[in-house]
Amino acid sequence: MDPVNHLDVLKEKVLNANLALPKLGLVKLTWGNVSLCDRENNRVIIKPSGVDYAVMTAQDMVVVDLSTGEVLEGVKKPSSDLQTHLHLYRTFSKINSVIHTHSKFATIWAQSEKDLPALGTTHADYFLGNIPCTRRMTEIEVKTDYELNTGKVISEMLIEKNIDPIEMQAVLVAAHGPFVWGESCEKAVENALVLEEIAEMAIYSKMLTPTLGGMDEYLLHKHYFRKHGQFSYYGQN
Amino acid sequence: MDPVNHLDVLKEKVLNANLALPKLGLVKLTWGNVSLCDRENNRVIIKPSGVDYAVMTAQDMVVVDLSTGEVLEGVKKPSSDLQTHLHLYRTFSKINSVIHTHSKFATIWAQSEKDLPALGTTHADYFLGNIPCTRRMTEIEVKTDYELNTGKVISEMLIEKNIDPIEMQAVLVAAHGPFVWGESCEKAVENALVLEEIAEMAIYSKMLTPTLGGMDEYLLHKHYFRKHGQFSYYGQN
Amino acid sequence: MDPVNHLDVLKEKVLNANLALPKLGLVKLTWGNVSLCDRENNRVIIKPSGVDYAVMTAQDMVVVDLSTGEVLEGVKKPSSDLQTHLHLYRTFSKINSVIHTHSKFATIWAQSEKDLPALGTTHADYFLGNIPCTRRMTEIEVKTDYELNTGKVISEMLIEKNIDPIEMQAVLVAAHGPFVWGESCEKAVENALVLEEIAEMAIYSKMLTPTLGGMDEYLLHKHYFRKHGQFSYYGQN
Amino acid sequence: MDPVNHLDVLKEKVLNANLALPKLGLVKLTWGNVSLCDRENNRVIIKPSGVDYAVMTAQDMVVVDLSTGEVLEGVKKPSSDLQTHLHLYRTFSKINSVIHTHSKFATIWAQSEKDLPALGTTHADYFLGNIPCTRRMTEIEVKTDYELNTGKVISEMLIEKNIDPIEMQAVLVAAHGPFVWGESCEKAVENALVLEEIAEMAIYSKMLTPTLGGMDEYLLHKHYFRKHGQFSYYGQN
């Protein structure tokens, strides 16, 4: 496919992923954004800022240069979180789609500034360990290049804790909300949905049993690798 | 537009805002009311009292004189909370639409007689600080001119705490529920929706981490002013 | 209207009230029942036992004699809770419709064996005080005439506590669930809905503020009598 | 009916039961599976692994030999939990349909590693006692024959605690989720639904009253046997 037609396909994918979020109950009003990284052509397709989902079209998607952040195509302003997305794509080369939401229960964990603990197989089927919450950002980081620094506080944490962004496709930004990603838009949306579900279950589990530790690591590994990697045997592939 | 046709447009707006509340899950039965202040013509358009949303029409909206509270147009009785609305319009000249609901989670905070703390950016995107809860009303205030005094206990609190009603477009009335407002009906409905969402998230955040303080003030300011005021850069404007 | 045609109208009312319960989220599967007392003709119309709501018709409603409990009309067995309904109608002459559900949050209060406290005006608009929970039933009461004794434990409590069943149209039966009533099927359904809403709000209010007492009695009275009795001024009547 | 046509009927039943789970809110994505045991023909019909519910057909159901686990019919891989289902059918001869879900509140109890206590009649109408939660599985059990061992940890618990799988048609697997069963697919789905409802009610009941014990055993028995066994009198049979 030539790059231009290919771009239309990608815009459609980004639109559909954005529209999936309110349908799945993960986004209210305009509080979410999905982007897709077209690495071959060094560009990112992202939702426009603050546009009503009811009227948003594929042609509203904004195309920006991955390296410079310059708008390549589109008449609307890109999502205000653009720089966070770009930083994640630049830092982690295997991430192809990034999603930010304020989905309720994931955001509650972010507001509580706690890692979301792996408490059961529902979590283990998707994320290999606790979902980490970043430190608070400093006043300087917030006042200057806030969105870029949001990306940096995420990458800093993953690198410091030696977390592989393929095995852990979600993080919580303190006092803010979740960022998730995936190899494709569809996978990133699925991760956003699962994150919300396990975030809700973990809150009630901790309320019911405040002293609850985590699940056994061998069970975590069993479930994660039952569905991921070369020895996976879940599904039809 | 001449004032008469203009009034039909306003009634339609007030009807639609009232109908939006049950659709958004913010009102059950008839437990809510929206009004609009037409300052140019010194009048207020408000929902009738206790009328089923399923049969309510624009012509059921009641028009009252802002200064006197006298009914200018309409055969139905205005909302029993009319005097609260009028007091808020008289006291705060920049408020153009007032909404009262018993939306679940905002009401829970009101019943708990606690300010709703700003715990994250979802809150900060809309409200510049904790959403204040009034003191309890006295027996005298309840027994005489209850609805007017409900307005007074709100304005007293905002003035005493030096809170700008533009930067804080919501309050909680102790043991009762939320009042929100906005520059338009549409904005007031949006505020009612956001208040409910952050009220729910704050309850769970406090249950998960009872010692949780508030978010950093610089982050609160960053998010609020990213969306409001002359230096805002969120959205397409 | 002659008694026979009148009966058809009543059956239709009872059917519709029963169907309203799952639509309002108050009943799952077949866990609810509504009856209506036709005092003029000394008979009660009640839902059949364990019939799927999807196929239930007005002609499935069972008509029983108020005094004897004998089935007067209908080929199906009446609700297994029939004797509870009959006892309430016989004991309290102003109750014309009784509803039993296992609606989630009201049932949680019943399971917790606690009175549902009046914490705000949403509650006060409908119920004049805390919604009382019965004592546990004894082994004898459960093993013999269980359903009749369920009615007796309710009436015993109301009489002992000197509670007027018109001002308090709901009770909780310990370890079981709510019974509500009203002057009509429609009012009883409304009470069931409001009970569920305030039950949910009260749970979260108590979780947020475990030391929370009740609302001021003068505010409770103000809101209740704003909507009920000869000095009411809410609504269009 | 000859065995072949009969098999088509059974596949349809298994499909419908699987489709019922997401409709009832018990399953998200592909996180559930229903099977049916055709004891007369010594075979089990089970959902394929990881197939989207939106495109799943009756012909996708996989037929396996009850004794050997060998696939008898079907081009898709059976659910990864097949061995758990087979073990339960082999161990308990009266179970004819098994369901596994990650339904939210039942899973929360499983994650909390607590028996779900019988707190009220809603529970007692379906399950004769607390719903037991298994011990954690050992590293060996997880690493080798995990799914078979999941079945074994369930049967071990039921046998050790002398629990009749007819009177207790649900268990929780620690850090995983619920398994339920029934005499038919339809009954198993109903049990899965009821389990989820009582799991939610029990969580809030315990949060409201942490010291809450269980319901009286005579009330538990009364309600259970009002609906089950030879002296039942609920419903139309």
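Order as written gives the chain letters A, B, C and D; numbering starts at 1 within each chain.
Basically, a contact is a pair of C-beta atoms (placed from the backbone, for glycine too) under 8 Å apart; a residue touches a chain by one contact, two chains touch by 3 or more.
This is a predicted model, so every value here is computed, not measured.
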Worksheet item: Same or different: do the copies chain C and chain D touch each other through matching residue numbers, with over half of them shared?
Response: different
Response to the item:
Expressed as a multiple of 5 degrees between 0 and 180, the CA superposition of chain A onto chain D rotates by 90
Fill in: Approximate Å spacing (C-alpha centroids) for the pair chain A, chain B
34
Response to the item:
Chain-centre distance (mean CA atoms) for chain B and chain D, in whole Å, is 47
Worksheet item: What are the residues of chain A that contact at least two other chains?
Response: 207
Item to complete: Quick one: label the inter-chain contact graph as line, ring, star, complete or other.
Response: ring
Worksheet item: For the complex, which residues does chain C have touching chain D?
Response: 28-29, 31, 48-51, 76-77, 80, 102, 104-105, 107-114, 136-137, 139, 142-143, 146, 175-177, 203, 206-207
Item to complete: Sort out for me which residues of chain D touch chain C in the complex.
Response: 119-122, 125, 190, 193-194, 197, 200-202, 204-205, 207-209, 212, 215-216, 218-219, 222, 226, 233-236
